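For reference, the structures are reproduced in the following blocks.
Two complexes, one shared chain (chain A), two partners (chain B, chain C).
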Partner chain A sequence: MFTKSAIELVKEIRQTDSIPHYNDTNIKLAINEINVLYEELLQVLMANGNEKSQPYYLSNSMTYFSVIYRDKRCVLAYLNERLKRIKEYRWSSGNGLLPDQLKEKLSQDEIQFFSDYDKNLTDYNIKVGLDLTVDPQPPKDLYVEVRVIKELGQVVLNSGATVTLNLNTTHFLKRSDVSNLISQGSLEHIV
Partner chain B sequence: MSYLNIDDILAEEQKLSCKFLYNAYNLGQLEEGSADTDIEKGTKIDLPYWLAYVLAKKGLVSAEMPTPYQQDFKDKLIADPNVISMRSHQYYDKIGTMLSSFFSDRSLNLLLFRVFRDRFLKIYNQSLNLRETDITKIVGNMTRLERNIFENGYRSSIDYDKWRNRKGEKIERNPNIIFPVASRSSSVNNSINSNNINSSSTQSSSSSTQSSQPKKDTVLKKRKRIFDDES
Partner chain C sequence: MMDNEYNTQLDNDENNLLNKLKTIWINEKFAPNLLDYQNEIISNVMEKIEEKEALCTEGIQNKSHQFTADIYEMEIERLKYIVKCYLRLRIKKIDQFYTSVLKESQSNTELLSQHELKYTERYKSYMDEYFKKTILSSLHKDHSTMSPDHYLEPQLNTWVFCKPKENLGEYLIDEDTIDFKKTSIYFVKYRPIKDLVQAGRMDLI
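This part shows the complex of A and B:
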């Protein structure tokens, strides 16, 4: 059946909100189908010069053309949606690090894209003089109280201060210093 | 309609029963379980909307309304829109509007509008009031469009509650971040790297002072011993 592998890609990415494994096999199958159909389409059009607009051949070439177009659309939509999610990850994680669990799900080009995107964003942030990924809403207080929920030991913070973050201790620290650690799940914000 | 929209692509997968009006060259693989290479005139095959659309525009096939848009299902919908499960018709409204312009059937458009209006009220209410209940079953019976509306309402009602309880300020753990916690030391290092570049320089200086600390101690001890010996 036509476009089977291509539509599987789209279904796969619809099923989850995170980034699924890069489906190399299905993309190759879809591209292969495009190439095979293109050759056949070309042959039909070349061989039947005068009769190609007859319904007998027209339905064939129309179908092949639509299938090629459809395959292309599915693969592009799949790749585009993945890039969108990779960008979202960069913004929500607030750093340019790719954890191994995520890295193995991306293709080589996507890893390259992530590091280039990260570089652009970091450059921009440095030029503007503000990290745009931090504090999308204005904070009420500069200091927050936090509880340590993952043993970290001695940690040097952004502002240069050194604190010992032992399990289950609470600290009163600068918001900008600890917001990253909270979103990573090492600390808990006490309100 | 957007070229790269996932939902648009999936909506167009809706199958339409099509009758071929002419013999067709080398399309046998469209017909499941047939060994012929050609399709004969008059063969009925289920084609997806995107293909049926192209072929029908050229007058090569004649398409029929799919079953969920025929009178039987419509009657059920009119009787009570709220009880119909859309589990197997995830894109009922989206593909429905496409079909209504494809078949130039204005009544279908009106029906879709009425059904959506009636269902919307219930979904809107549920999204704002169904807290701490299992919503998977309710959400499963909605179309994609309705589910988006429900999820938006659901989230905003949670945000509203947070704001009322003065929890809006709280910095939450971000579930998107998969954080490597292989060993203690590596996790500390990573968190420091992720903070920024400044800290790494201060860290290296602090670690150098740390490493020099025990050396100093031993030197002091040695001196002490020498003093002791002299005395």
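This part shows the complex of A and C:
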């Protein structure tokens, strides 16, 4: 069936909200289908130069063309949706590091894209002097109580103070100092 | 010393600035397309933040002003939060509609701040690069470009709530004439009122 592999791609990405494994096989199949069909289409058109606007040939060409168009569209949608989720991950994690279990699901180009995107966003954040990815919640209190869930040892905070963050200890610290540690998952906000 | 300054800080200018900041944030939030970058307001707010931060450091050195300094700091956090939200909304829109944003920015230099423009250009370059590497370069040359309908465009036909800033008189909207009055709130399609919002004569809510 035409466009089968491309439709599978779209279905696959719709089934889940996370990032599924990069489906290289289906993408290759879809690309291959486009190229094969287009070659055939060109040959038909060449062979029947004078009659190509006859309804018989025209409907044939139209079918081929819409298959090609749909294939391309589906693959692009699949790739774009993946990029969108990768970008969302960059925003919610608050840093430019990919964990291994996510990394193995991405293609080489996607990893490259992630680091490009991270670099661009970090540069922009530095230029405007604000980190846009931290603090997605409106600030209620100046100080927050946090529990350390990853051993950090001695840490120098933005405000210049030094604290020792040992595992499972709780601290009462300035929100602006610890918000990036919270989004990285090193600290936990105790409500 | 700090008490006097605190009183002068509360003058009308400051409240106006805060209100303006809130307005541009809310407008940006509800507009489906990217609005012009409000350079003047943002740079004023950033200046105010810096001023207050300086006051805070002074306050910290003096123990008796610790309480006032904390209040200032809270205020700084709140201002920063709104600015961040505003800039974040804009970056998200740029990510989504980068092609149309870049096209529009050629004729409208107010649309993007200088940093945003740089961000958008770089973003476009590696987006294009990515799609070229993954699919477009493996296709026959007749198909190796993106056609315009492959890009996302802002949905200008969505419905929005809006509130005119002044009596605007009558406008023809979708074959209906609407008399926009300052005191009322309207629920209309975004496309016809786009220019009014852009010109700052109408606010979205």
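Here, the second predicted complex is superposed on the first by the 154 of 191 C-alpha atoms of A that agree within 3 Å, B and C clash if a C-alpha of one lies under 4 Å from a C-alpha of the other, contacts with A are read in each partner's own complex, and residues count from 1 in each chain.
What we mean here is this: contacts are C-beta pairs under 8 Å (C-beta built on N, C-alpha and C of every residue); 3 or more make two chains touch, one makes a residue touch a chain.
All values derive from a computational prediction rather than experimental measurement.
Of the two partner chains placed by superposition, only chain B is touched by A:Val144; chain C is not. Of the two partner chains placed by the overlay, only chain C lies in contact with A:Leu83; chain B stays clear of it.
Of the two partner chains placed around the shared chain by superposition, chain B is the only one that A:Ser59 touches, whereas chain C remains out of contact. Of the two partner chains placed by superposition, chain B and chain C are both touched by A:Arg73.
Set side by side, chain B and chain C differ in how many residues of chain A they touch, and the one touching more is B.
With both structures placed on the common chain, the touch criterion links A:Val191 to chain B but leaves chain C unconnected.
Comparing the two interfaces of chain A, the one with chain B and the one with chain C have residues 73, 76, 139, 175 in common.
By the touch rule above, chain C contacts chain A in their complex via residues 46, 70, 73-74, 77-78, 80-81, 83-84, 87-88, 91, 95, 115-116, 118-119, 122-123, 126-127, 130-131, 133-135, 138-140, 142-143, 146, 150.
Contact residues on chain A toward chain B in their complex (touch as defined above): 1-2, 7, 10-11, 13-14, 18, 40, 44, 55-60, 62-63, 66-67, 70, 73-74, 76-77, 80-81, 88-89, 92-95, 97, 99-102, 139-141, 144, 150-158, 160, 162, 175, 177, 179-186, 188-189, 191. Residues 3-7, 9-10, 13, 20-27, 29-30, 32, 39, 50-51, 54-55, 58, 60-61, 166-167, 169-174, 176-181, 184, 187-188, 190-196, 198-199, 202-203, 206 of chain B are the ones touching chain A in the complex. Contact residues on chain A toward chain C in their complex (touch as defined above): 27, 31, 34-35, 38-39, 68, 72-73, 75-76, 79, 83, 87, 107, 109-110, 112-113, 116-117, 120-121, 123-124, 127-132, 135, 138-139, 142, 175-176.
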